[in-house]
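Presented below are the structures under discussion, each in the form of structure tokens.
Two complexes follow with subunit A in common, the first pairing it with subunit B and the second with subunit C.
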Partner chain A sequence: MTMSAETLDLKDKCILDFQSLEASLNGQSKTPFHAVRKQAIERFAELGFPTIRNEEWKYTNLMPALKAEYVLSHGLQSQVLKTTLTAKDVAPFLVPSMKANVLVFVNDSYAPELSTIITTLNGVTVSSFAEALQRSPELVQKHFARHAAFENDALAALNTAFAHNGAFVGIAEGVVVEEPFHLVFVNDARRNAVLSQPRNLFLLGANAEATIVESYHTIGSHQGFMNVVGEVMLEENAVLHHYKLQNDAENSTFVGATQVHQEASSVFNSVVISLAGGIIRNNLNTMLAGKATDTHFYGLYMVGGKTLVDNHTLADHAMPHCTSNELYKGILDDRSIGVFNGKIMVRQDAQKTLAYQSNRNILLSPNATMNTKPQLEIFADDVKCSHGATSGQLDGDALFYLRARGLSRERAQALLLYAFAGEVIEKIRIEALREYVDTIIAARLHQEELKAA
Partner chain B sequence: MLTISNLQAAVEGKEILKGIDLQINKGEVHAIMGPNGSGKSTLAAVLAGREDYEITGGSVTFEGEDLLEMAPEERAQAGIFLAFQYPVEIPGVSNTNFLRAAVNEVRKARGLEPMEPKDFLTTIREKAALMEIDQTMMSRSVNEGFSGGEKKRNEIFQMAMLDPKLAVLDETDSGLDIDALKIVATGVNKLRSPERAFVVITHYQRLLDHIVPDFVHVLYKGRIVKSGGKELAHELEAKGYDWIKAEFAEEIAS
Partner chain C sequence: MAREEFDILDEVVTSEYKYGFVTDIEQDIIPIGLNEGVVRMISAKKNEPEWMLEWRLKAYRHWLTMREPTWQNVTFPPIDYQAVSYYAAPKQSAKPQSLDEIDPELRATLDKLGISLDEQKRITGVEGTPRIAVDFVMDSVSVATSFKEKLKELGVVFCSISEAIQEHPELVKKYISTVVPTNDNYFAALNSAVFSDGSFCYIPKGVRCPMELSTYFRINAENTGQFERTLLIADEGSYVSYLEGCTAPMRDEHQLHAAVVELIALDGAEIKYSTVQNWYPGDKNGKGGIYNFVTKRGVAHKNAKVSWTQVETGSAITWKYPSVTLKGDNAVGEFYSVAVTNNHQQADTGTKMIHVGKNTKSRIVSKGISAGRSQNSYRGQVRVNKTADNARNFSQCDSLLIGDRCGAHTFPYIEVANTTATVEHEATTSKIGEDIIFYFNQRGIDTEQAVAMIVNGYAKEVMNQLPMEFAVEAQKLLAISLEGSVG
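Presenting the complex of A and B:
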């Protein structure tokens, strides 16, 4: 059997699953929500899974990962995925000493018995996506698939078609939530290969502020595929601190899109940390739809083995006086592959735009590769934009300086890498999370004693 | 302590050191002077183990060991210290963390336990005060954003922390005003001892008024063309390097 025939299998299976899902909906198949899902499956059927002939997927070959016999988390066979994870199973995925609302999703279903909500403020709604849809269908429909387009994105289309599970976080106007929301997504692949598709919606009212941490995990030795779409609406002056933490197993494939819509003077701070996994593809897009917004995209990928990390970002400046600032750093070892595709779009009306982008990579092995492609499209004249990308080895002068002071080559190298990563780690505002990531990195570099200092 | 015999070194196929002979005994201070481009920094870098230079001939022994066989860190651990002409900025690595790692590596090589954190801080405070290094500099990244003078003082401060047997100072005086120069000289003089040797590389005689050398050598076009006592520095100051250039032009050309 050829590879493309097998690919067709998963595609057909998805379409078949959708049809049976639809048949089970009865009266609900007439809702506007479902109408969008229907459009999405049709689009998915047209597009199919992307191959490397697709420019957006040039370096990221999903084909091998599509071969597994996946059970769709919200499909025909989803009954077989009914799983019983205990608090002990998910404990390793929590961030020690981070005082947070923890929402656990297993095969994208919300697991309330494993979750802890500590915030009791009025104006804070946190639930599964399905529950939010049931409770406030108008509100959800107003945003659903309005921000995350699936027209040219097969995986977003597929997620949209099966949109049901995932997280909803709604923060009312003026409400500031101190405690982070930690969304823990677990694929339980102990008995089957699982394709789960969390759908998230975060709505922050004017002047609201919140912090959301997303992490993704695979249990078991079968393949885990997670295809996530998150839509984020930031009303005027809203502030969202958003963290993605990826430290998953080799048998995991992750494709995640976060589409942000920023109204005037809103702030979006994003830090994406990728430390391990099979294939990791992050799409992070923000639409600067109001004036004077502020956006920070920070990323660190530090991987080895055969891990592939692909970050696609877009800062879409549609209005004047907006600032976007992006720094992605990579450390690639062994046969790992990095991809960075950062696009800055400055539309005609976006005068006085400040847009900066930098991608810096260190290759530790001759077999590691980095593909970096900055894209600037500027249609306004009064703007300040810059971008830069470097890939190479550690600074030889710095290495020699440290060695000339008695540090071994390994130690000097570790110290420099630790400092290199530190520039992104320090952007994490939650102390417990920062410590957590720092500890993982220090341990990986055998720099525990320096960390303690 | 250090014996350099007929040392030759090249970079990118270009011969820079063309046969250097130098004997340095403990307790001695040797000054190496010479016009820009003579190979002074190259000699210092070769002694510290910089790998960009190819050793094309000769030998160097340090306390009976073949220095050229040793990695840079092994040389540092054995007690060689190079104060860089251009100290390197290392963003993200704090001075304190860096120094702790360095001090403990050097101690380990001498069979000593890592310094107690309390002792370490006390030592830092004491030596930093001597070099008029502000405590806030310690929490900053190594050399990052330091002024020229601060970088040079930081080198001598590191030297004081690492307690080397042989210190090579590469133009530590250049770019310093007279006050900074005096601080550096005081720091060096404090460390002078019968057990320790110094190689002071300088372009000007000025520094040697404060760090008085036992021997002065003139390095020109990759060779030591003249050696003498401290009065040689004064002679050079009075006559300038043209005198050397004229005298040795023929000899070197031939």
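Presenting the complex of A and C:
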């Protein structure tokens, strides 16, 4: 019972904060944008934070993470949460030698002094979500909460209610941007526990192409909670390469939803790499709303300690001739817990669908756990869908082969794990980023090897 | 072989639900409704001992506190539990001694069900070559059990559960609700409160049961629910193969069937449990049919094996998960299933394999076939506990779609908490290729027959697990169920 009382605290706090925020709004409270936020807080009030009784949260218990005395990052708290971070503090979060547009957000506020924009192409709009809302309210309102439904998702509802800060990337029709956009989200929890809620919107016009990298970080010893919602709109033939890099501190909780809407012949490539953190929950959903779209979901989680990584994905095939392909791989050590829930939905009109999904896991420690739920829901008959899931240990034969060639047990294991992870890492198209991830993983495996030897 | 298949198909093309007759037999039905009095009345009718009544009441009181589950992937209008009669029994003065003594109507029923005269004799215990011992349950009451004497020589107890409560209370008391607790789920609690009969079987240590044991379930009376309870105990080192068949008359309204089956395989024992379920599925428009909400679970102790095989073609809604708890080291669990849905049928079925002991193995092969406007879901759980070193699981669940109005769904839950475990899951969904159908057509086989043959081939892996006598019947059923789904 005490548990639920604690939850009520944060829930009530969110609702109260919303009320005071609303009271401070003056004229803005009449906008359609705010009307949506209002609906969202009402829905959040009804739903409350999800417990493990909720099927979508069956294996991920958020309750302990809700106990901290969070300061919610929103307009009224800007003084309390005012950042004092310098470029030096943020430097470790950047990917060395990656030539990219870097946008830094501290406690979800855009920090232009820490950011660098190098792309100067016409037709590329990069700004904070708040700025985009101010400049082109109609465009933002057209997409805001249209893709990421909050009806049955309390955290998306909460994010929607406080939607204000975050990133906006708009690429006009036919524009191809070479340089990636690296969005660095930092929770500054040095003085107090922070609950920040970045809201992102990426719009790619027809035939446009872009690359977006998102990474999340916590500084300081207080709890950091980040609740992100990103909406992605891909018009016809648009191509988006999307990367998520998660290598955060133990005192962090991350819940992030990415909702993609794909029009005909668009391509969405996603790679999610989770290497450390407290609780990591990724919701990655794509709606295949046009014909002949292409979707690739790749994921690698390699965690130890007490980290919990929960990946929920949904490929929602609504139109014919679409292809979705998914590969998630996991390596779980110590007391870590992995959760994978991959859903393929094929609606009645989505004939000639090809949908594949695979989830493979290796448990390194007797105390690690993996919960997998690959799920197919198929309402059309002319389709080819398959999924596979395995959980186990390294192949004994392969280990033997390497050991017979004079490698130590530890070295052989490290080598095999490296190859296991490699299958996902090689899907990263940005060379600098691929090498960066590769180095982290190689270093970690080397450490493990030394520790074991 | 080919000849035989054609005969089957011929038969199929001309038949609908052939078990849809009603036996006009005198029934002892208690009024509809459910309350503590009804539970007491059922217990009193069965002349049960005090502990059994207490057990029922406990279950009933718990049931009152429970809510109907809502997570399933099937939909049905709310069930009015007060509109069901919880006890219906064919009126009979004493157990029949020869065929002539049984009610001719009942004999006619057996005839129509395709139970041969020989089998009828066996069922009624007259004479005959021993092969299958049958317990015939009509409207939840065991009508006849054959071969009792023969089995008795080996120490095998095979009788109705009410008889077992009277004659072997120590066994019943020791094992009942140890696998499926009375408060396990909504329907199991309801069953515990009101079950009227069912089968009981005990195989003593080291005995290999010489014949297939079989239960034939039939719902006959109107507005009744069937709540039978099966308890099967295989003592150390024993073996038994058990068959279960089900039919019901065609009726416009839905009827509830909520059974509980508990299997206990003690050290080194093996239980093979096969079901051919052909309850009335409702008509083409989804009117009527049985709700088949059953709890089936087995526990396998050290070196024991529990194997479920099911062919599910009937019922408006099939909602069940025959499961195995692999409790002892080296235990083995198996689940082979073919679930066919046509017209407006819905199925949400699968299994649970809970690995507790070391070196435990489980295998799941599930074949779903959906046609018409039906929805077919596989839902399964494989859990490897921390204690289950070297656990091994392989699951395969395939779905076949016939027509573009049906759905096939897969919900596997895989939970692994042991580093030495190996768990594999595979699933595919596809339709029958046009090229394959074309190949058949080219050879003069029409599309409907072609589909029946393809489906039989597709389901063969599971059919092979069935005992011979059942395999033939199951094959026919598959074809009947899909009749009219093509073209």
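Here, the second predicted complex is superposed on the first by the 441 of 453 C-alpha atoms of A that agree within 3 Å, B and C clash if a C-alpha of one lies under 4 Å from a C-alpha of the other, contacts with A are read in each partner's own complex, and residues count from 1 in each chain.
The rule is simple: a contact is a pair of C-beta atoms (placed from the backbone, for glycine too) under 8 Å apart; a residue touches a chain by one contact, two chains touch by 3 or more.
Keep in mind the model is a prediction, meaning the values are calculated, not measured.
Applying the stated contact rule after C-alpha superposition, one finds that A:Asn152 touches neither subunit B nor subunit C.
For subunit A, the partner touching the most residues, choosing from subunit B and subunit C, is C.
By the document's definition of touching, of the two partners only subunit C reaches A:Thr390; subunit B does not. When the shared chain is aligned, subunit C comes close enough to touch A:Glu55, but subunit B does not.
Contacts of A:Ala398 after superposition on the shared chain: subunit B is touched, whereas subunit C is not.
Of the two partner chains placed by the overlay, only subunit C lies in contact with A:Pro374; subunit B stays clear of it. Touch criterion not met for A:Gln134: it reaches neither subunit B nor subunit C. Overlaid on A, the two complexes show subunit B and subunit C touching no common residue of subunit A. Of all residues in subunit A, only 395-398, 400-409, 411-412, 415-416, 418-420, 422-423, 450, 453 touch subunit B in the complex they form. Against subunit A, the residues of subunit B that register as touching in their complex are 48-52, 71-73, 75-77, 82, 84, 87-88, 90-94, 96-98, 100-102, 105-106, 109, 141-142, 158, 162. Those residues of subunit C whose C-beta lies close enough to touch subunit A in the complex are 71, 384, 386, 399, 401-431.
Contacts from subunit A toward subunit C in the complex involve residues 55, 59, 348, 351, 361, 363-393.
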